[in-house]
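Listed next: structures, encoded as structure tokens.
Each of the next two complexes has chain A plus one other chain: chain B in the first, chain C in the second.
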Partner chain A sequence: MLTEPVALMLLLSVAGVVLNIILYRLQSLQMIVSFLVFAAMLALNLQLYGTIGETLVLPVVVFGQAMSFAVSPLAFYFTLMITSITLLTVIFSLESLRGKACTQAYYLWLFLKTFGMLGVVFAADLLTFFLLWELMTWGTFFLMQQTGGESFSPAKKYVVYAVSSSMLLFLGIALIHAWTGSFSFREVAAAFPHMPEGMMLLVVLLMTVGFAVESAMFPLHAWLPESYASTFTSLTSYLSGISTRMGIYGLILLLFGFVGHELADRFQLIGVINLRYIVSIFGALTIIIPTFTALFQHDAKRLVTWHGIGQGGYMILGIFSANALGIAGGIFHIFNYMTYVTLILFSIAAVEYRTGTSNLNKLGGLIKRQPVAFLGLLFGIIGLAGIPPMNGFVSKWFIYKALITEGYPFLAISAIIGTLGTILSVYKLIHNIFLGQLQPEYNEIKEVPFLMQLPIWVLMLAVFATGVFPGPILSLIAEIQSSFGLAPVPYTMTGVDPAAGTLDMLVITTVFIGGLLLAWIVFLLGHKRRHVSQYQNYAAGHFLDESIPYNFNYNFYTGFEHIFNPMKKKVIARTEVAVSSLVEAAGDYLRRIYTGNLATYAMYIMAALVVTSLFLKELI
Partner chain B sequence: MVNPIMLILIPLLTVFLINLVNIKWPKFSAGLSFLAIALTTGMAFTLLPEVMQAPIEVVIAGTKAPIGINLLIGPLGLMLSLIILVTSLLVSMYSFSYISDERKGMYSGLFLLLIVGSLGMVMTGDIFNLFVFFEILCISSYILVAYQRNEHSLEASIKYLLLGSIGSLFLLISIAILYRGLGTLNIADIAARVGELPPSTRIAAAAFFTIGIGVEAAIFPLNSWLPDAHSSAPSSISAMLSGFVIEVALVVLIKIVFSLFAFAALFWLLAVVGVVSLLIGEFAAYRQENIKRMLAYSSIGQVGLILFALSLGTEAATRAAFLQIINHAAAKSALFLVSGYMIIRTGSYQIADYRGIARRMPVSGFVFFLAVLSLVGVPPLFGFFSKFSIVMAAVSSGSTGATVLTGLVLLGTVVEAAYFIRVLQHFYQREPAKAVTAARSERGAGAESSIEAPIAAMLPVLAFALFLTGGVLLLGSITGLADAAVQDLFARLVSVLA
Partner chain C sequence: MSTVLWIIFYPIIAFAIGVILLGYGRKFNARVQRRYGPPIQQVFYDILKLMSKRTNISHGWMHDTALVMLLGGTLLTLYFIPVPGFDFFSGYGDFLVVMYILLIPSLGMALGVGETANPNGSIGISRALQMLAGYDIPFALTFIGMAILAGTTNFSEIIALQQAEGIFGWGLMTNPFLGVAALIALHGMMGEKPFEVMVAPHEIATGPMTEMGGKYLGMMMIQHALNVVIELTIYINLFLGGAANWASYLVKLFVLMTLILSVNALFGRFRVDDAVRFMWKVPLVLAVIGVLIIIL
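For the complex of A and B:
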């Protein structure tokens, strides 16, 4: 069987869980074993390329249904991301978590979560999908609270959101099964168009909302920032980079795998507004609101996690654009986002590893102390902001182009506004950490060890290389599009075919580098430079020596905050509070049914007898 | 061949034996009761292949139906007997160390009577016998609830006693109505001739029966005694009461409804009441600060779920309900047993006092964790499969009403996850509560040493946990037994009256 790697990969992740339980107290062994297992999984994953399109039926029977897995092009694309990012995370944590307390269960949950994600992506029937989906969300929950105390409350919030989302999916899947009589993706897809319209709409709504929670789509995103930011930074990157995107995977599967474009357009509500358009509007809101919220974060991790939400909006806009270029852009953005956000968070983790903080008010001037982390962050934010020559530019360009050609100017404008906000906030990130004055207490710090640098270098290469040569990744995406019966994107090695809108990243990169060279030459031709210490400085007619701390970083963008603060209504936070107090109040009221008074209880029994008799008498 | 009557006789005779032994050697009573249960459990398992072939009918006192008294053991009865016996076996093992006062003998005797009552209820083929066993079950549980003899448990027991008596009375009235109309007490016989009764009589019998046994089956709003009784009984008894006693009453109710009162309206009423129970139980549990009350309310919720599934009246839903009964028996028993030693160690019932306790009672904490996840329905634990099959069965029954009720069931699951996760996070906090730091076990001293429950108490708890994790591997054979039980139940259903 050619699909043996699938079984082996799943088996290896289970083995990882078991091995980590056995080696519970032996941290170094846990690290080495986990690294080896994840490396093997990546190797197996690469082998899968030749087997795309094959199905594996595991002899595990659940309710008369054998668990089935298939290697679709989409599955291959996602598993490649999952295994590679997990391996990088593990390499990074070899050093960053060494000797830290309370990491005994770290790799265990990492394996469980990876098992869940791989299973969800490989699943070829809804039962397997849901089972592993549940496992995956619980894995996320356990990963989130690795750091103990302060991470518990956001993790609990996540669980409430995630269980609600699972329950919506569950109901949707149960309805699909009741109507189509099958779990298998292929049969469900075939039977889907024959469902009654109302039922179909209900199923689509249930599952869209379910997946929207997991992909942190506005207004269901509120669980994400705190819960991701309060765990280990290496996990923040893993969770933001790939975990949130499983929701997008679900949406792709639902839209292209089951519903299909033509059908999605059938849900006309008012005029041209259909379900697809409404999801896109939420996508646009997902870009704008969280991106501008990111601007006011004073913690580097929180800032980036807010962008994690915002960037999901671009993927939604692309995937729901009904345009070959746009869909390719949306799917490509998942990969790009994963590479640059992991790069950014690894760089932040590298800074945090040495300074012990990710507070943007306390850092600054680290460029010469941690040059690799600086370069990593620089590459990452160029990608995040969607500036050439990094990969983020390519996917965003696809999405803008598709939105404009399909005639959605407002969506395109909101995407561009989002980019503006992104540029502002990533500038804050790099400025407050690496530029400006170095704080005296960080004078002696050094660059991080090689094992932590390695993932940063690898990701820098990836962000740049897939920016200049997006072709290999686009070829995978074209295969995904063909597998769903969509028109494939007309890609070339360095961009897209002139017929679809000229984009040649090689030319752009050459021009870009040429411009940089020009600036360098002008710089060299200028006056002779003199190196001065950072304290040889003045402002407002004052010399700023060591006695006067000069800190631009403190409360960066206060001006913007004055502008935006009146707009912050905290509707979501207030809704959350309202819902939780509603549940508490309901609990209190319902508890009062049990008064403790025996006479009342006896009356309940009598009343029940009367009601039952009357009810039966009326209805029979 | 083992005569099924032995399943009832062995524990019953052991009760007399224990009372004798107790005069001279009170130490042996617990061991004796354990042995009796072990023996009975073994016998029940040997009956399994035979019962799967055909139900066994045992006639007592030499006369056949409709006059004689009989036992009728089909797959349904045997499945429930196995649930009862296995749970009791493990709980009685736990009781060795947990019940350590001088009244051990009384405890062991009543414990066995509780089992006798439950076994009798599920095995009898005679509706008056059903009443007798019901009374045995109720009376022994009233006393066991009061076992700790403190203010709370006495109050709870009195309430339970009075409300339970109303229930028994109603049950008796229902039986009297049936006997007056048909002149027989044999259930199969009544079922064959129940159509002869005038509709209003039949409705009266149905209403009295449902409400009467509903008190013990903890159906809303008849379950008001439950939070007090289950929370103030000794934890081992709470485990029994929550683990199988309510469920036994519930299944007997459904069995009788199936065979005697198959009104479509009654099924709908029970399904709605089940979901209402579930929501009330889960929401009320959300606000509990006392761990045992929280577990008791959670039982109300779970029983609501089981009732909902049972009253859907489809084979798939009934099978799913049986799986859920098994899951609840294992998970809730484990939770009550674990909390028993947490209460002993910290001297508190308040969840707030258990902060950080899992670090000093790692095994208990881990079992609690597994049991909670299984109740919420997290794969790959057993609870996932039972909850999954309930939802699937409910939705595929095809009616809009059932789908809406399923939506409410899923809402209940979210609330359930929220309050259980809160407790779990409390257990795993780094900063221990004062009560946890001050806790000492009978062996060790010092704030860092383990205060884990003794091994004898942990083994049965671990067995429950092992079942919840590994039970999936047995899913095939368990489903097989549940399927046979479903067939057994549906064979009684002649036709549903609209």
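For the complex of A and C:
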């Protein structure tokens, strides 16, 4: 059976790679071709909806398994995000990277990465899944070092993490195959509940940790901020928007596709504490620690990438909540996060395009020069902070509500603590870039060209529209939940069913707009206003002009620094010493393996061969 | 029909109550300091004077929009908090919604103050946001505790549950730890001394209000009046059993306001990190104890 759009989409992304190799160094042709191919892929993706449930089997056989692809509701949801955000990134890059050096391979790696991600979400067997997962991580690695030079070393760090996580995944998949004798998702899912408990726990742990690395879950997040922030900002947005969330895709597949909540709850430790709860605790830590780290960053891109880690925690809390609302919220948050984080990073890229810097201590007052970028960032941060009426609020509301309903007060409060930390750091972001005093050297800059504004406008609309009308996306999510045999979320076009909770975004937005109109009338009641320059300002009787820096942006939250710095000294410094001495001691023991004696090495190789052959016999 | 009338007249009623509460506050402070104090309607005169000023200085469009967002967001919050006889909108947004629409006015003001390009204003906002993280964590936890206890996040249902059992059904009675924690957090939320770090006239020239004058300051005062009513009503609804009629509602408002004013009159000002530390120590620990009592 052949599903045309799937085959065509995979084929098109491979064609994109090939075309980009042929057109190497012909930058403008590369740009046009890439744009057209990605636009075609988005068009195909929209047709995909009618083919949900169909499968595609390629005549390629590896380990006795033909490569097979299927269109599930979850796959459709993810491909929709992948193709649309890739197209927006390409449109944005057309202008922002025009004429820049070392971008010959930019679109090539973008296509490779897209191919990997599409393959991963379409895959219908574990082997295809793993092969394309590997391809995808290599795509990420090459995208990370597009700017060359200094970006190589953080990218190397990512590869170390990614390869180790792949090994864990591989081991998990090998164990599953050894037990079930199949790679196909359907057969694995059927055989999974009959696995011996110890083996099941091992498989679940291996794969959870493997996916947790890709989704940058605490404490496996250290690779992310620097590697994402050191590449082009358009790629920072692309990578944080969708690439990190492939780990969450893996977790959803593992938890709902194979294990299921009932099984996950079987691994009881003490009382109510089970595996699901432990993962949720790590989810909560993933929210709090990176969000409060973001607060003290001095670089806009790095600040946002720290939030990329933190927001992943909400998805984990939602997905692992075992509640229809919570699961829907977790899955919905993936979409919402993608829209607002790309919006934020595109706006930062627009500023960087004109000023050449994303250093929060050097900017300020740009609202008067780049109002569109300001509006984009404003919509984005309202979404990120989860304030109505933007979409981030809706998915977070689902998660809070689910955690309260299920009786997890401390998980719920950590989600709220994360939101408060987010509000603090995003205000610093928008204040230090756009508000405050305009620096004299940026007096002459202009708004970015139209092609760069277009994705910002589109995303602003998306962030607002899916906030007021979450229904269409929630209907997709309800389908995903039904396809996994879960209770679908009781949604309406503008919120949730009154029987399940109290939320109607349309009413909230309407009342808000009414309130704004009334406030505007009150504003007009007063006498006319007069605009003054930023130098006509209260300065305790002193006179201000261009030569006087009269701005507050360095160390924006000094009070918190007073609170956290002693803690940092006590806790983090001591932990660092403890961990490093542990690693040193372990390394000292490991070092003894390398005796420098050839005979010993030969013995190692023999031993490894024996073990592998024993294991292979088991495997095949 | 009555709903339409409520929608039209409720902001005016709430504004009147807020102005009287603020005027009462001035009078109370004056009497504590052995002054005679201004007449109780002085706040209203001040707002009238500011709104009719001829000089209105603007630093740009966000500065103007901020005031609209400030007042508009406050009106939105006002509608979603039930008062006796009017809880039409609480069926469309629960307490979680209220907690986050409460942030819209603060965000609007923060953006506007940022555009005025005065470091005093920015420092004021930085302090206000740090205080927000200070008081909102214990406050949110007390709410989560109450929601788990009541089994709902809907305001009207929480009120109905409390009223069913008379005075002993009040949140403050059924769970005193949460009630006291929320009371301290409320004090921080209202920005009264010793948590008055945001305005701090002697340190940062009234902070966010530094560059505000004329109708801008007037609108901020209108918002302040509404905000006082909002914050006190939230506490009344969660912990003092809501109110069955307007008489008991007004009594509860004035009693709670008097309590907060008396603490305000006694204290000086905390430094911002001390204020946040206090919030993360005393009310947060009380709230954690309260929640543990509920879930265990």
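Just so we're on the same page, the second predicted complex is superposed on the first by the 561 of 620 C-alpha atoms of A that agree within 3 Å, B and C clash if a C-alpha of one lies under 4 Å from a C-alpha of the other, contacts with A are read in each partner's own complex, and residues count from 1 in each chain.
Keep in mind that, in the parts below, contacts are C-beta pairs under 8 Å (C-beta built on N, C-alpha and C of every residue); 3 or more make two chains touch, one makes a residue touch a chain.
All of these numbers come straight from a predicted model, not from anything done at the bench.
Look at A:I417: by the touch rule set out above, it reaches chain C but stays clear of chain B.
Contact with chain C, but none with chain B, is seen for A:F560 once the two complexes are overlaid on the shared chain. Of the two partner chains placed by superposition, only chain B is touched by A:Y594; chain C is not. In the superposition on chain A, A:L58 makes contact with neither chain B nor chain C. When the two structures are aligned on the shared chain, A:W138 is found in touch with chain B, with no touch to chain C. Set side by side, chain B and chain C differ in how many residues of chain A they touch, and the one touching more is C. When the shared chain is aligned, no partner comes close enough to touch A:A39: not chain B, not chain C.
Note for the complex: chain A touches chain C at residues 365, 367-368, 371, 374, 378, 382, 385-388, 393, 397, 400-401, 404, 407, 409-410, 412-413, 416-417, 419-421, 423-424, 427, 430-431, 434-438, 495, 498, 501-504, 507-508, 511-512, 514-520, 522-523, 525-532, 534, 536-538, 540, 550-553, 556-560, 562-563.
Within the complex formed with chain A, the residues of chain B that make contact are 158-159, 162-163, 166-167, 170, 199-200, 203-204, 206-208, 210-211, 214-215, 221-222, 224-225, 227-228, 263-266, 269, 279-280, 283-287, 373, 376-380, 384-385, 388-389, 391-392, 394-396, 398, 403, 406-407, 410-411, 413-415, 417-418, 421-422, 425, 429-431, 475-476, 479, 497.
Listed in rising order, the residues of chain C touching chain A in the complex are 11, 51-62, 64, 67-76, 79-80, 89-94, 96-97, 99-101, 103-104, 107, 110-111, 114-120, 122-123, 125-127, 129-130, 132-133, 136-137, 140-141, 144-145, 147-148, 153-154, 205, 210-211, 214-215, 218-219, 222, 271-273, 276-277, 291, 294-295.
Contacts from chain A toward chain B in the complex involve residues 61-63, 130-132, 134-135, 138, 145, 148-149, 152, 155-156, 159-160, 163-164, 167-168, 170-171, 174-175, 177-178, 583-584, 586-588, 590-591, 593-596, 598, 600-602, 604-605, 607-609, 612-613, 615-617, 619-620.
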